[in-house]
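As structure tokens, here come the structures.
Same chain, two partners: chain A is paired with chain B first, then with chain C.
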Partner chain A sequence: MRLYFKYMKMIMKSQMQYRASFLLLALGQCLTPFTTFAGLYFMFERFGQLRGWSFYEVALCFAVTQLAFSCAEVFGRGFDVFSSLVISGDFDRLLVRPRSTVVQVFGSRFEFARLGRLLLSAAMLVWAASNIEVDWTLLKMMTLVLMVVSGIVIFLAIFILAASVSFWTVQGLEIANIFTDGGREMTSYPLNIYQKWVKRVFTFVIPFACFNYLPLLYILERDGGGGHPMYALIPLAGFLFLVPCLLVWRVGVRHYRSTGS
Partner chain B sequence: MITVEGISKTFLVAKRQSGLGHALKSLFHREYTAVEALQNVSFHIAPGEIVGYIGPNGAGKSTTIKIMSGILVPDRGSCVIKGFTPWEDRVKYVKHIGVVFGQRSQLWWDVPVADSFELLRDIYNVPQAEYKNTMALLTETLDLGNLLQTPVRQLSLGQRMRCEIAASLLHSPSILFLDEPTIGLDAVSKIAVRQFIKTINKEKGVTVILTTHDMNDIEALASRILLIGKGNLLYDGNVQGLRSRFGTKRTITADYHENNRPIDIPGASLLSWTPERAILSVDTEQVMISEAIAKLSAQVELLDVAIDTQPIEDIIVQMYKEYQL
Partner chain C sequence: MMRAYLSVFKLRIYTGLQYRAAALAGIGTQFFFGSMFIMIFVAFYAHSTEVPPMTLSQVITYTWLKQAFLALVMLWLRDNELFQLITSGNIAYEMCRPSGIYGFWYAKLLAQRLSSALLRCFPILIVTVFLPEPYRLELPPDLLTFLLFLAVLIAGFLMVVALSMLIYISVFVTMSPGGSLLMFSIFGEFLAGMVIPVPLMPGWMQDIVYLLPFHWTADFPFRVFTGDISKLGALKGLAAQLAWLAALAAFGHYTMNRALRRVVVQGG
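Let's look at the complex of A and B:
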């Protein structure tokens, strides 16, 4: 962990070498979720509600996903761009160092410029949570934190899984974006607006629902078992998703074939 | 210390034909050809040796180094280094080795060299006192003093290579793998690098395995060479042995006072000839070099004579012919 922060410091130093580009990027990144969020706002102004979900409720859902995703992206960017490490053969370098490959890939890249996005999402979360008509008990607040953490873990797990694919082929990686960008857009809204099979896939195959929709039912005390405190613990199930992803990664590392040189 | 036994590695390479039609076709259907990068390679290296690993491009040098440093997993065979199997016990094993890839940097591009070194110290968990000592030694012998505060991207290739080598030695490894450490360096840097490799081998007893295309590296450093071609180990022994077996030809370049009579020396063939200069290829198995020069000076009035040994590439080509590869 200590090493991880050392890596972070190092990359911070490198990125600060190009200050103007850094600031512009941070500003630009800030604007992206802001525009989508504005879209959400205007949609609600027009239609009032979404399948019985009020604006602030959807905003909370939206903010949890955005915050989890931007956190995952700031810290897990190394996996997101991992295929370039494989193509250039620079992964060799990580393998001759006495540390776990996962930690090193994490440490290979940080997108500090995306911190802007992260801050904006966090502000949105606080704003939505304080405007919503919910009695914030301690357990509910813990659930909300757990939701965000679980979301980060799930997105990171998907990044790792997608990165593992590049051990076999460095082509067609765009398909992974269905799950990262697609998953983010999808879970920005309450899952019950979608078809049943969509809900099932995103609960049991990729547990997006575990960090977002299901525990949200508990927080908002909605129907469908929403009142049951077990729902507060569902985000923990999201952590399980990391296990198979790390296993695939390990198999992939053994399959790595480097480049000629 | 290093025992490699019957290592083989095959790569599947996608067959690609040029043209858009084929490119589209290959999206759906691919044909692969198996390239045997290594076939049943075995050798043993004792502690403190400097071994030069040579062979033409694509012979399997890098693949062997990558297997020995735990990057690649071979298809067959075993490799035991310091009691570890590199690809099985990777994390424990790589603490004992240093690896320099001549064509690839291990330093962080945008920050001063010293910062990279400090991060490496943390990665390898080198105790502070030990780090200080090692740094002092490296700074002195590699003359890094002024380079440490410079960002890597501003270093020249020679300066960078010195830093790379230092970086791979921060954790005092007992084995050092150097993959083309002198590639692209000027003469001064090359000599500095060679000198340093000799020093750490002598003083710290570091075992060195280096690949190179520069025969001078080998002659300056390696007491032993391994020659690999098309995945097979062709020769294992010292440089003199290789020369006496395969490098029996010498090239004589002679300048002389104008002379219109063509030169004729038995056992030597004329590569080029003008009234003032002749280049001869002499097979030392048929005629001794001194004899050839004696005959030459009897025929012309010599101004200057240069004798070149056969370059390693020629020797390899000749070996290939011999092995019918």
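Let's look at the complex of A and C:
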């Protein structure tokens, strides 16, 4: 863990060398979810509601997902660009160092410019949470925090999984976008607006529902068992998803053959 | 002169067509995103109280067209090679060529987008025509509408490339592609109706959108296809598109020449 923070400090220093470009990038990153959100707002202005969900409820869902995703992206960017490490053969160097490969890849990239996006989503979360008609008990607040943390873990696990694929294919796959960007877009809305099978896949195969839809039911005290306090603990199930992903990573590392260039 | 541009165009098409595996992955992704957007629209329409300005089947057709022709209408599709040429100073080689850089790059970008669109659009269009009822791509009411759609799609496509040329030109000034690209493509995309169709936006937003060139590139052709815009409207729009295209190309040409005059090539 100490090693990781050392990596972070080094990268921070190097990125701060280009201050103007850094600020522009941060601003641009900030605005990316903004237009999507504007689209969402306009749709609500036109239609009033979404299968019984009000604007602020969906906004809360949206903010939780965006916050979790941008957090995961800030920290786990190394996995996002991992295929370039495999292509260039630079992964060999990580293997000979006496530290775990996961920590090293984690520390290899850290995009501070994306912090802009993170701040905006955090502000959006606070704004949506304060506008919603919910009496915020301690347990509900804890659930909200837990939702974000669990979301970060799930997205990180998916980054790791997508990166592991490049042990076999060498090149990264565009199809992995379905689960990273697609997962983000999809979970920006409450999952029950989709078809049944979509909801099932994203609850049991990839546990997206664990970090936003199901606990959200509890916070908003909606029908379908939403009153049961067990729902508050569901985000914890998201952590379990990390286990198979790390396993795949380890199998991948063992399978790895250097491109030798 | 024209022949040189044509052969650049042809060469690029052939290289682009080599990437079939990437196209296949792209089609899968496109399908996923398309069905997701449609499910969201269906959910919004399910309990709508007033009559929205676009019918659900029009919105669905619009979404599938957007997914199929994404490579033609997306602003953020970029060529890193060109950025590197500018920032690394290799632009000097380009300037030695016996053809204008604007036309040369324009042909290159045009071909890149076209090859990627050709590989992707047909599978998506064919499958979506045969999907079950609410999710189906509805064909245009008559042949003439379809021909008009093709014409305005091509005009819109030429406009997209002219717009994206402006991004490349701006890099001559800023030297860092990140910022200008992001700003331009984020807002351009929204104003082109790529996030939600323009008729679904509130009135004041539509007023802004119709002032700017972006909506001619995606929103307008797709609505011609669905029959939302009349044939006469399509013809008028085509004229407006061509006027915008001429203006954008002239502006791009002029600013590029000015930027090139001041370009400093660093040795190394």
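We take it that the second predicted complex is superposed on the first by the 258 of 261 C-alpha atoms of A that agree within 3 Å, B and C clash if a C-alpha of one lies under 4 Å from a C-alpha of the other, contacts with A are read in each partner's own complex, and residues count from 1 in each chain.
We adopt the following convention: a residue touches a chain if its C-beta (ideal position, glycine included) is under 8 Å from a C-beta of that chain, and two chains touch if they have at least 3 such contacts.
All of these numbers come straight from a predicted model, not from anything done at the bench.
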Item to check | First (chain B), second (chain C), both or neither touched by A:52 | outcome: second
Checklist entry - Which partner does A:177 contact after superposing on A: first (chain B), second (chain C), both, neither? => result second
Next on the checklist: Contacts for A:89 in the overlay, against chain B (first) and chain C (second): which applies, first, second, both or neither?
Outcome noted: first
Checklist outcome for this item: Of the two partners chain B and chain C, more of chain A gets touched by chain C
Checklist entry - In the superposed arrangement, does A:97 touch chain B (first), chain C (second), both or neither? => result first
Next on the checklist: For A:6, using the defined touch cut-off, is the partner it touches chain B, chain C, both, or neither? Pick first, second, both or neither.
Outcome noted: first
Checklist entry - Of all residues in chain B, which touch chain A in the complex? => result 11, 58, 62, 66, 69-73, 87, 90-92, 94-95, 97, 99, 101, 103-104, 106, 108-111, 115-116, 119, 122-124, 151, 179
Checklist entry - Mind pulling up the chain A residues that touch chain C in the complex? => result 18, 20-21, 24-25, 27-29, 31-32, 34-36, 38-39, 42-43, 45-52, 173-175, 177-178, 182, 185-186, 189, 193-195, 198
Checklist outcome for this item: Counting only contacts in the complex, chain C reaches chain A at residues 22, 25-26, 28-29, 32-33, 36, 39-40, 43-49, 52, 176, 178-179, 182-183, 186-187, 189-190, 195-196, 200-202, 205
Checklist outcome for this item: Touching chain B in the complex, chain A uses residues 2-3, 6-7, 10, 13-14, 17, 89-90, 92-93, 95-100, 254, 256-258, 260-261
